Structure formats: structure tokens, C-alpha cells
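One chain, subunit A, appears in both complexes that follow, with subunit B as partner in the first and subunit C in the second.
Here is the complex of A and B:
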């Protein structure tokens, strides 16, 4: 018994010693005065202390015990209170570290206990939460809403609502998640990754699922239990959330690329480079030679034999950029020239990390300018509804985006590009009101979903890749995109 | 063997073990040394390189005059009648090559649909690009040497320009020597004989003829295309594969020798009576073989081929690592195991169950070259010194044989660690740590050079009948003791074992071979061709299925069946 006490004392001292270092390594909020490009608020993690979600769960605060009701946010979020039906998987994030797959992953990576490893806990719990036992609650309140050291007391004071969102973030470390830009940037911290929260290819090879984040898909997942009610009506909410998601996801991916490139610059660096987790998975992970001519009626914008960089978050961003002025009044079409240059530079199997780091830094600045614009537009209040026709317009643009100008071939046959265009179309279809509103889209959208779905093996194995997705399947996908292209013209037959 | 001679050998072995510490083993092996370290020679000193356009022979009807006879017509040849040339060469060489050797089609394939599609994707003309022509159509730009050392394409184009008719691909001269200088000399009769035949290999080389009877020279030439050679501009890159280049089959010299429609015969072939008449002392010196009862000709070639192929692979890695160090793109994907990346992802995953060499998620080098070179090394380490001396006659030769055996054992050691270090360096970062890969590749190359210095130069019978048997046993053991996960490695084991077993006269029942052939193809080219039938175009799908359809357990079981 005494031995156990000694051990726990040692562990506690070690943890206490480690804590300050951890908080120092966090990314600072960046109201960078020297930089001419504006930055959105809510980037990275605020440098304040996390506190346990338990302090949010008082009955009079957010633990009201009424499923889905205002004042019952914590009760709705926590899996234990209402165990039936859909749940919030964030509440299970810690427990999952004990399952067989996590343990095997740990073994392959040389991690004895994933539930004690910062690499895992930075996302699977609230990083740095006090007391450490609170980590067991999973990805709790503070992970998304910001460390509550400063705002816990302040947010119930009368003056709180008078603060601007930027103040709430910069002074208190509170993430104003009602602002979609701040919200999705916060999600992207784990779901895309950043300097301290990273799923690289080593982890994926050991068994971690790949990250492929698209905000509206997560938001409207039937398995997800919301602990809040969205104020913006459809279709405005979903159209704007999709567009912000495109910008924020690519921003996070680009910043992560910059971080990885920086680490790889020293010639003797052992850091992975190129980092495969930032490349298109199924460019490589496919059985080769099943088709005599695997490409079918498809093309790729990349040289042969090169896996695309972040095809997932690049494929449809152009559509969001071109049409964002219609979804967000007063936001003009962003300049993404450096983003395009970066994509070009990444079309090498081993691009020079120094050049990549420099260009990625400029690309991040471009995306930040865009995101800051979107954020300001939202904060000004979006009383103006989006144009009636915008879901159709965006759907048409996405269908066109997936095809070559002559529509004879797919523009990019990479599965990630196809899936990204499909998810955008799915969001527009859902936002528009589904089969009752736009019956002509239903069949091709459902067909696309079937074609792009990962199959189940003959022995019940779960494929985590589009096994058997070849020329014939690509041609069918092309035909569905063509059908959607035709179904989404306006009554005059125009885009 | 008498007890006395056993004692003599034992004593000699003891003396030798002591002396080798002091005396450099490789110092005085043979006058006719081939030192792989010296490759490539500078162009101006390499006698195989034409001195200029005038010094070059292209595909020449002159060869066909003598070497293009039908089998029935050989006896009517003037050279058969006057100089018994049919006892030295076959005289049907050009015909065999033209009718049934895929090398004769190597340029033509660049105009077939597969190549046309590749050109479309790669955005360059595959019938004109040096990237293709260095292997596929070396004669297209006559006036140019088979590029060695510094390969200068611009010069090639400038000097000669194009020929309108299709060049015939990898012709006689591409392999045997491109210079005119040896052409008339090699059949020049002097006083009723042809002195060229017994000319020392060095002299033949000086005249511009490549000494293809030498296993190292031969293997190096083959692997320059069939594995690759960066200095000669012969590399099949991942970009080419992605555009549709069929996968290069893994390289194993004797299977390639046996698989190609033979326009030659081994010096141990009874048809070539000339070689039997060469005095024993000159057999190695002039033609690099030993009597079939003393040494397995193919086993020696197998060992040399395995080490030369590994060396070529290490050279490619070294070249890539050097470019990476200088800011270039570095290690090409083609240097890595295709199936490390190219597989469908699923749970549960076999790979995660099996575990990884190094960190998970790093592509590993191709396993095949290291596997068979490793077997050759293991064999070399375990060579019985006394066994090698058995075939030697006389105290001096026995002493040499013992010395060679000790040197062989010594040179063979350390392979495993060096190969492992190279594999580790290749996974230190996802596509290899340039400096570590460079150093590890150099260590592997050094090992190969030391080992080849003996295999390529020792006149002693290193692969005696007993040692050849041991080599086959080691191949069989590797194929059956553990599951071979890599299809290329499985092919090499199957090819090597069956080729060497056939030479030794081991019975391989047809039904069991058929079972094995259902798991891996038993010939280098999946596409059928025979002497009678012109080679079929490569069937890309078939060739890919050989690889993607491979399963480890059925292979092991079929191999076990073959051994029963």
C-alpha cells in the first residue's frame, strides 16, 4: 500500500513538473500586429488552464437533465445520462483508448499505455485538464469551448453578452462557437490536426482511422446528438457551414503542412517527409493492375505516379471561394493564388521542405484573410437570407467541378476528390430540402453514395478503402455527376 | 580419399588460416581479374566504347552471314568445314534472336498500344526519349556507344540523327560490343586456325568485345537494364510504372539465361566440343568455367547474379540518396516494395497483426534482392573448406582451393547486418534518410564487391556438386521454413531452385511443378514464347495478376510438395 502511495506521489510530481511545459507549447492566439493579413479569432488553443467539465454540469447551469433542452447541454453531451439513442462520440473519446484496437496501436507504436500518452490525450481528452482524473471524461467542454480558467466566472456575469466575440477569445480564451468560422476552426484542431495534435501516417498504419473532415457531414450525422439548437434556419445554415468548412479545413491542413515542412528542413532531420497523412490515401492504397487501363475516362491534374496533397480539402474549395460572396453578403471572392501555387509545388514526390514551408505560410495568410472576412460577415449578423437559388447554383458548380470542361471525363479521378464533390452535393441536396424539394437529384446522389462507399469483404472484413473501385466504377460515377450537372440547371437551362 | 590426404588437407587448412591473416587473400588470385569496383571505367579508357561514329557497328547483316544459319544448314557453313566453328559457337544465333528473342522486339514494343498510352500520359515521345531508348532501342541513334559513365543524350542526337526505318532493338552489338574493331578480327583465320578463340579475354576486351563468358561481366550487363543503372541512364521510374510500364520481373541470372531462347550454349554443353578440348588449367582463365563434374556452372552464375543484382539495386539507392542530399527529389518510389503501399486497407489488417520492421507506415525496400543474395551469403559462410579442395588436383591447386574457400567464407560474413542497416535507413524517414541510405548502400556495395572479387576471379571450383546441393537446400529451406510474403521473393526462390535442380538432374514431377506454377509463374516471362513461336506482346493484366494474386501459404505448401 505504501509502495502504491509512493508511486502515485512520484507520478503526481512528474505530472506537476510537466504541466507548465505543456501549456507553453500550446499555440498562442495570434493577433499579430506586424502581419498585414487579418486573422480570424479562435485559431489554435488559448494559453489558459483547462478545468474539468464537472464544473459545467451543475443542475442550474448546463446539467439540467432534460435531453436536448437549453440548460441541459452537459447532460445531453454526456453518454452516461441518456445512454439510449444517438450520442456525442466526444464523450467516449477517452474510453476508446482502452479497446483492443487502441492497445494494438499502442504496441505497434511503442506506446505502453495510450490512455496516459500525451500524443493520444491531446485529442482524446481535454489536454492539460486539472485534475488529471478529469481527462477520463473524454473530449469535454473545454476542448471545444476553450480553457475556462478566465471565462468560467466571467461568462455568467452581466457584462459577458456585451463583449465582442474577438474579446471573448482574446481576453478570456472562450471559443465563440456560435460563429461558424470560430467553430469549425476549433473542430479542425483535432479533426485535421495542428502542431501538437497530429495523426500522422505512422499512427494510421498502426490502426488509427484516417482523418477526413467535412463539417456539415459531421453536423448532420444521424449518430450525433446535438447539445445545442442552431439559430440560423436552413438552407442558410448548411450552405454557409459547408463554405466555411471548406475554408477552415484547408486552412488547418495548410498550416499542418507548414509545421511538418519546418520540422523536415534540417538535412539530418528524422521527421517524416513527405508526410503521407497529408497525401491522398487511395492514390497509393489501391490494388494495382486490376484494370488493363485503370484510368478509364478520367484524368488527374497531377503528374503520373504522384499522390495529391490534401485532395480531400482542396478538391471543392474553389467552388466555395467562387460563390461565397452570394452566401456571405459583403465578402468578396478570396485571392487563393498562393494556395494554387502550393498545390503545384506539392506535385512532386519529395518537394523541398523549405520552399514548401515558405509558400504554405503565405497560403495560410491568404486563407486567414478569407476566413477573417467570413467571420466578420457572420458577426455583423446575417439577417440577409441567402438567394433562393443558391443551393442549386452551388450544386451545379460542384457537379461541373467534378467533370472536365467537356464533361467527357472526370476532372480528378482520385477517390478523395470524388467524395469531396459528392459530400458538397449531398449538403446542398439536404439544405435544399431533399427529395421533396429537388426530386431530380435524389437518384444520382444515392447512386454516388453507393458507388463511393467502402465495401465489406467476403469474410466480413471492413474495408477502409474503396476496394475494387476501378475503371467501370469511375465511369459510373462520372455518369452520375453528369446527371446532376443536367438536373441542376435553372428553369432557363442556365447554370 | 585416403586418410593421409585428408590429413594433408587439414594441415594445409590450418596453415592457410594463419597465413591469410597476413597475406591479402585477393592479392594474387588470378591474372585475369574482373574488379567490379572499377566499373564504370572512364569512357576514354574503356575499350568497349567506340571512339567515334566511324568506330561503331550497328545491327549488321555481316553478323547474319555467319550466325544466321538454320540448324540444318550449319554443316554447310564454310567455317564449319574449314575451322569446325560449329564446335565453338552455334552459328544459328542471329536467327534464334530474330525469331524468338524478346530483345529483338524491344524497340517495336514502343509503338504498341501500351507504349502509346504511356506516351500520352507521360507527355513525351517514347520512341525518341533517352529515358526509353537507353534500354529499348539502343541502335536507333547509331554512332553512339551503349551509354556508360557520363551519358550525354544531346551528343547522341547531334552526331548522328535518326534512322527512318525501325531499329531492331537490343541487337548483337549492344551486348557483345559496339566497336567495329573486333568484327573482322574475330573470324580471321591464321594458318588454318582462328587465333581469336583462345585469345585472352583482356585482349578481346581491348579489341572491343565484351567478355560475356565471364559471369560478373554478363550479369552486370543484364542488370543494367533489368534492374537499372542510373549512370547509364537506364532507370524505370515510378512515374513510368504509373503511366503503365509493365513491372520488371525480379532478376535472377540463371532463370534469365534459361528463359531466354538460347542463341548460345554453355561451355559445358557437349555440343561445343571445342571447350572440352581446352586444357583444364586454361578453362577458367579463358572461358570462366570448370568441368561440369567439378563445378555446377549454373550455381556459380546464380550466386554471381544474385550479388550483382543486389549491387545494382544498392547503386540505384545510392544514386537516389546522393540526389536527395543535394536537394533533389531523392529516393524514387520504384525502389520500394510496391505492395507496402499498393494494397486495399481493411480491418482487421494482416499488416497490423504481423507488425512492422521499423515504425509503422514506412514503405520498405523491395525484399527480393536481399533475400537471394542473403542465401548466397549464408551458403558462402558455411562452405566446407575441405570439400572445395576435393576437386583440385595436385598440392598447389588444392592449396589454392583451400585458400579460396577461406576467403569466400570471410567475404560472405556480415551480409545480414549490412542489408538490415540499409533497410532501416530506408525507413528512418518515409522515403529513406538520404545520408543514412547513402552510407548503408555503400557498405552493401562494398560487401558485394568483396564477395564478387572471389566469385568472379577464383579459378577453383567453388560450387562443387556437394556445395551446389547445399545451395539448393538453402533455397528450399527459405521457401518452406517461413511464409514468403513478397511475390517477387517467392518467384526468385521458385525460379532459382527449379533451374538449379534441373541442371543437377533432380526429378521434378510435372504435377507438382504445375501446383507450384499455380502460385507463382515458373518462367521469367509470363507471356508464352518458344523458339518456333515469336514472342507475344506483354500482357499487362497477366503480369500484374502474377503479383497481385500471390498468396503466401499456397506457395509454401506447393514448394513443400515439390520437395517430397
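Here is the complex of A and C:
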């Protein structure tokens, strides 16, 4: 008995002695962690040289002859090898610079040859690829997977798989696209934009489509041909990809706002401020007349006369933030206070670029912390599946997000907000298994798709805006969201 | 951009060639009638005895100086003008459109009886005198302002005498009560405290006196236009008169206020007149008023450009001072349809539609007389410079706008004065010069509307060869139904009917 007591005393002393040491060893990396907030890997472009996609296309490497198979990634990606069926539009990115619309855009912007212009080539080819002839390959391998100067040789060496994803990115410039956060951040470089790759209002006015990116919509587009096989099963993949997409898209949009605000600060700056491309397109681009505009059946979180900042990337991010801990078990709900403050500031009448730049940089840090958490959680291996009814829960939250608390009115009448909530619901519907699994969602989701679609005019002309989207249409959209709200309660009738 | 209902009414008015429908005022008391008639008889006798003839009334030859009253410029209210022996006479003749040298006696009566300006204050209350789509209360709620519209200087600035709009006035019950008169006599003529007694003794050298005393020189067409546009376009604060900023901006439009879409000649035509034009007596050619509309139109358009530039400079200035209520860019300065349009394929930014503007830039409002300012009458360096700043491919920063806008306003002000001194024939010549040979802009209802109202003024002045009503009617209706090819067709016919320049 005494022996046991002595032993336990010794153990306790040992533990007491070890504790501070342990906490010390924990705090040791503090200087690193306390210095700027954690950043996910895969941000921006790695500072290495790009090489031609042709060097990936060796038959023994990625140029095999089996559509969609491992080893045939390049052949699957390139449109020419298997011309039938869906294709990867990235392979066509360079060629469309020659079509009539691009030439017309060039004329309006004073660009004689779009296919030689860095402004266009930064996204429509691999930015900075050598030799320049390799630009003709379009948005080739290196654009998404990172410049291969260093990793081209390394990635076939035996030690490659032992490297962490962060090492692959930081030391070799390789984008570990298996990690969803790294992947979507890489997509967002072009599909949202950054300092060197920017679709601004001038370009859009000249004819470039606006950028409105939602990852799962692009991933599961029937026109897109995948050259890889997803490891994560459904619905886990799509739920996580949607959440990561929300965070990464807003992160890229916020950083772009910071860059634009920064440029507008100098007194003699001729940079646009506000940059209209960062505001909701259809807040302005709608016909106005004698009808009451966007009132009655909808509220808005903005004062009258203010076009919302990035409604597209902001509208549903709160849902992703609130529920991401269920999709990524070790991630807690992120703190997005500065993001909310930035939205407030952008709702002011005359936001000072300096104040915006400062706040946006803090908001980017918040989003980076969140993204880094998501990234680490995924790298640690998410062996646990997502909870059974998470798709339903998220769908319910999205339907609730689109309505006022009393569900009598839409929470935000802006088309971008409606479309963002609809796309989230669509992703959850698809992830859950579609009409087989959740038949009650099918009709309202299809009708939302019809309502939000840009119309065709009486003379068959196509619109690039929700022409004629008025009170009646908004009423119908509201009703569909309500139906989805009701259809997504659980068996006890609870959210 | 649709042309609002006002135009539909304009068609009706226009086609009947009538003055405004006039109501007769029934005076309830015979005594008043007797007194008024008595006063009129006395006045006529005095008029004859004094031997004053219309020829002695002269147009001012000096540029009117800005109103700087020498003593108290307090408001007295409309009732102060309405004594039966002053401007409260029997208006039965004036109200039927008969204007003569005695019209001044019933000026006040006419205004009170039939002038739309008297309703302006009621529009701020919960009981507007005419139907409104959005009440002031709803607008204020949307803007998140807790003050009632009847106490907010931004609303009062134009919905009553601007000099009564400042919140400091609320302390004086007498003045607060005056607000409910709406835009009464003093709203346009200026506060009468400084000249109430004196102005009865000024004849004939009225213009000079009015400037010094604080009475607005409305007899000058240009000054009159500027006075109207203080509210109908907007104006900076005027401390000498205790006027607050008058700025109906995009925030208010977004909250439900109708946009300001002013055409001086057209509004002037539709206003029930309580005065006789002095210029009609002086310029022999104008005696019948034949070319008067032409003058109104041209001077009015130039004044509008001037006032808009002045307001723009003020908006930029306020934005630079970080005024919380001043947005920048101020979207109300631009053509509504520059942004508010659907985006059909092919895109609006067809090279042919852009003219010299870069794609993605916002077209400025069509304040210039009918055509592109840089290729017409207003070919001034100051105006060109301003347009280059405004229609660059970026929304311009406020810093770069203040000076060019100020300079353009100053240049236009001088030009307005020069034009208004020209004889009718010269004004007519310049006016016709402004019209293009054919319709130039594509699918811009503001431009079409302006062109059409200009042509209507030309028609009233007799410089349009006789054409059928059908063309005007077709043009107005096609604007309302957005049938642009029909609008262009009708306008081209009307433009071809403009008589060649002598």
C-alpha cells in the first residue's frame, strides 16, 4: 500500500515537473504562430519558371491513351486526343482569343492582338510560360499545378511522396491540388482574380463575361471532363468542396478589393474607385421604370442606392462558416468579425480606400486562418465521414439564409444573393443523391433554376442579365425557397 | 429609361395647344370684389395720369448682381404679399390666361389658386396634395433617417422656401408655420424682409434695385432659369441667403424620389403665369411671343448645363471633405440608362453607340443643348476638359473634378449672359444651330426627350415648317413604349422640318 502511495507520489511529482516543460515545448513555436496569422499553402503564384505542358505529355507520363485513366491525364485534358464528348475548356482558353467576340473586345479596349497581350494571356494561357509558343496550349498543366521548374524532376523521385503538401508548395512550387483548399485557391486566381489577373469593369463592358465562381458548380458541370478521380466519396466531397469554395472565393475577392483600394489611395491615382466589377452587377444593370424597384416582397441588408460589395461571394459564406465544423471535425467556427466590418464599410456612401485597404487586409487574415484550418484538417486525413444528415442541415440553413426570419420576404433581393443560395442548395441536393434520395427537393430546385436563368428576348436575343426579373419573379423565388425550407426539416420537424 | 408619365400629359397638352386648364377662383365676399375693383380702378387712373407706357420699361443692361440684401432678409410668408391692394387682387382674368400690365395685382392670388409649387410642402407630410407613389415617410424609413421629412433640411430645402429649411429655424414658431406654405412667393423671388416696402417705389429701374435688395431678378430669363434650377437641378449652399445645400441625389432616387428631369422651356410653358413678360414689350419681334419660346429654350438649356456643373463641383467638394451624406461618384450626375439597362447580346457597348467614350465608362447626363457639347455651340475648352475627366474609362476621383467643373460653370455662366443679351434673331439662329440634321444618339430616351422638347419649343416659335401633329404624337408615344426605331423615324422627320437658317 505504502509502495503504491510512494509510486503515485513520484508519478505526481514527475507529472507536475513535466507539465511546465510540456507547455513550454508547446509554446515554443509561438513566435512563428503569433507572427502573422496562419496562411494556407497554395496562395498566389510560386516564383518559379513555367514549362510547356508538352513536357507532361510523354506517353509514359501523363500522355497515355486511355481516356480518364491514370497516366492519361494530359490526353484527357487536351481536347484533340479524344474529341468526342465533354472536354476541358481550359485547353481551349487560348484559342478563343481569336474568335470574333475577342477581336471585338480587343478593338474596344485598344488591344490589337489579344493573343499577344499579357492582360489576356495571364489567364488564357500559362502566365509567363517559356517558350512563348507554349501559350498556344491554353491554360495548361502549370497554371493549376504550379510552375514545374523545380518539381518536374522531383515529383517522380522516390522521396516526393514523403514530402508534406506545404513542402511541395513552398520548396518546389507544386500546388497539391488533392487538398481542396489549395485546389480552389488555385482556381480562384483566375476565376475570381488577383493583382495580376483581373477582370475589371472595363473588360466586362467590352464583352468579357463577368466572373461568378462557385467551385462545385464548375466541378460537376456536365460539360467538364475530369482528368483525375476524386478520392473522397460523395456526399463528403461535395459538401466539403462547397464549404471550402465559399471561403476561398471570398478570400480571393477580399484580397482583390484590398489590391484595388491600395491602388486608389495615392492622391494622383487614376485607378478606378469604386471598381464596379467588385459590386453586384444587377444592382445597377436592370431596367428601372415606374415600377417600384425591389421593394415589397424583399428586404435588403444595404441602404438604398448602394450596390452590394461582392454579394456573390458574401451571401452564403455565413452558412459555410457556421456549419464547417461538422464537415471538418477538427475545425471550429471561424471568427469573421472583420469580414463583417468590411461589408459594413463597403455599404457606406463614400468608402475611403485607405480604410478599406486596412480592413480588407485584416479580413483576408481572418479568412486565411479559416482556410489554413480547413487545409490542415484535410491533410490530417478526414477518415471520419460527415454526419448523415449534414446535406439536409446545410440545405435547410441555405433556405433559411435566403429568407427573412419570419420567412415572409426574401432576405436579400439581389440576384447574386439568390443565385448563390440556389447554387449551394443545388450542391447539397446533388451531394445528397438527387431526386432518388430527396425527391421533395427536386421540383423547387428545378424551378429556382428556371426562375433565375437569364431570359431569351422576344426576338430570340440572349440576355446576360436577369432582364425582366421583377416582383412576380421574386415572389415565385421566395416561395420556392420557402418550400425548400419546409422540405429540409428533419423527421422531427426540426432544423 | 422610360420617360415618365409627365410626358404623356405633355402630349395631351401639346396637342391641344392650350394653356393650362385654368380654374376660376370664386371669391366668397362681395366686399373683397368691390375693394379689389376699387383698387384696380384707382390704380388704372393713377397709371394713366402718371403716363407710364410699356415702352419705358427697360431690360436690365447690367449683369444682375448676386443678391446681397442690405438689411434684414427675413421671410414674411406668402400672406404678406396677398393684401388685396398688392398682389391679392381678383385673378379671374389672369387665371384665364389674359396677361397685361395689371397682372401683377393678382399675381399672388393666381399663385395660391393654381400654382403646383404651393403643394410642395404637403408632399413631405402624410397627406400629400397629389397622389405620390412613395410617401416621404416611407422614403425616410428606407434611408434610415429618424427625423420626419418636414424637419429635415435636405427635404425642406426644396419643398418650401429654402431660406426656411435650416434646422435653426425650428426655434421660431412663426417661421416654422411659414414652411407649410410650400414654395410660395419668396421661394422664387427671395425673402421679402429686405424689400417689402421699398419695391413699391422702384419703377422703372427695377432690375438694379432688386439685385441690391435681395429680390431675385426673375425678369431676366437666364436668372429666372437659374432660380428654377436651384431646386429642379440642385445648388450648393448659399450662406448669404441662408439656403442649405439643395441636392436631390441618387440615394434619394433609390429611396423612391422621382428623378429630376428638367426642361426649362417646357416647365415654363406649363406653369400658370402670374406675370407679363417684360421682354415681350421691348423686343418688337417678340411682341406676340413668337420667338420667346426659342429664347426660353436656348437660354434654359445653357443655364441647365451651368447649374449642373456648379452642383457637380459642389458635390465633388463635399466628397473631398468626407461629408458622410455625400456619395462619390454621385451616380445621379450620370445618365440613368448608363447603368440601368439590361444586358442583351450583342452588348450595348457597340462601338457605334459609344462614340468617343471608352467601353465601361459612364455616359454623363444629357444636360447639354441637344448635341454633344464638344461639337456644337458650347465648344469651350473648359467644357471639353470637364467631359474628358467625366467620361474617362474610370469613375473620376472627386479631386480631379472640382476645378474643371467650376471653370466650366463659370464659362457657361458668362455665355448664358452673352446669349440672353442677343436680339431674338440671333438667339433663333444659334438655337437652330444646336439641332443636328439627323438623330445622332442610339436608344437614349433622355436624349430623344430633350430633342423632342426642343423641337416643340421651335414649333411654338414658328421655326418649324407646318408638320402634322402625328409626328410629335408618334415620337412621344414611341418613347413611352420604347420603340426606338419609331422614335428615330419621327424625330428625323421633325428635324428635317426645321426651317433652314436665314
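Everything that follows uses one rule, which is that the second predicted complex is superposed on the first by the 452 of 495 C-alpha atoms of A that agree within 3 Å, B and C clash if a C-alpha of one lies under 4 Å from a C-alpha of the other, contacts with A are read in each partner's own complex, and residues count from 1 in each chain.
The rule is short, and it goes like this: a residue touches a chain if its C-beta (ideal position, glycine included) is under 8 Å from a C-beta of that chain, and two chains touch if they have at least 3 such contacts.
Predicted model only: the values in this text are computed from it and were never measured.
When the two complexes are overlaid on subunit A, subunit B and subunit C occupy overlapping space and clash. With both structures placed on the common chain, the touch criterion links A:271 to subunit B and to subunit C.
Of the two partner chains placed by the overlay, neither subunit B nor subunit C lies in contact with A:447. Once the two complexes are laid over each other on the shared chain, residue contacts for A:326 go to neither subunit B nor subunit C. In the superposed model, A:287 lies in contact with both subunit B and subunit C. Once both structures are placed on chain A, subunit A residues 108-109, 200-207, 267, 269-274, 276, 284-290, 292-293, 303-306, 349-350, 352, 457, 461-465, 467-468 are touched by subunit B and, in the other complex, by subunit C. The touching residues of subunit B, counted against subunit A in their complex, run 117, 121-122, 237-244, 324-325, 327, 329-333, 338, 341-349, 351-352, 355-356, 359-362, 428-431, 433-435, 540-541, 543-545, 547-548. Those residues of subunit C that touch subunit A in the shared complex are 1-2, 4-5, 133-134, 142-144, 249-256, 319, 322, 324-328, 331, 336, 339-345, 347, 349, 351, 354, 358-361, 392-395, 397, 399. Subunit A contributes residues 107-109, 200-207, 264, 267, 269-274, 276, 284-290, 292-293, 303-306, 349-350, 352, 457, 461-465, 467-468 to its touches with subunit C in the complex.
Taken in their complex, subunit A has these residues touching subunit B: 101, 104-105, 108-109, 200-207, 267-276, 281, 284-293, 295, 303-306, 348-350, 352, 457, 461-465, 467-468.
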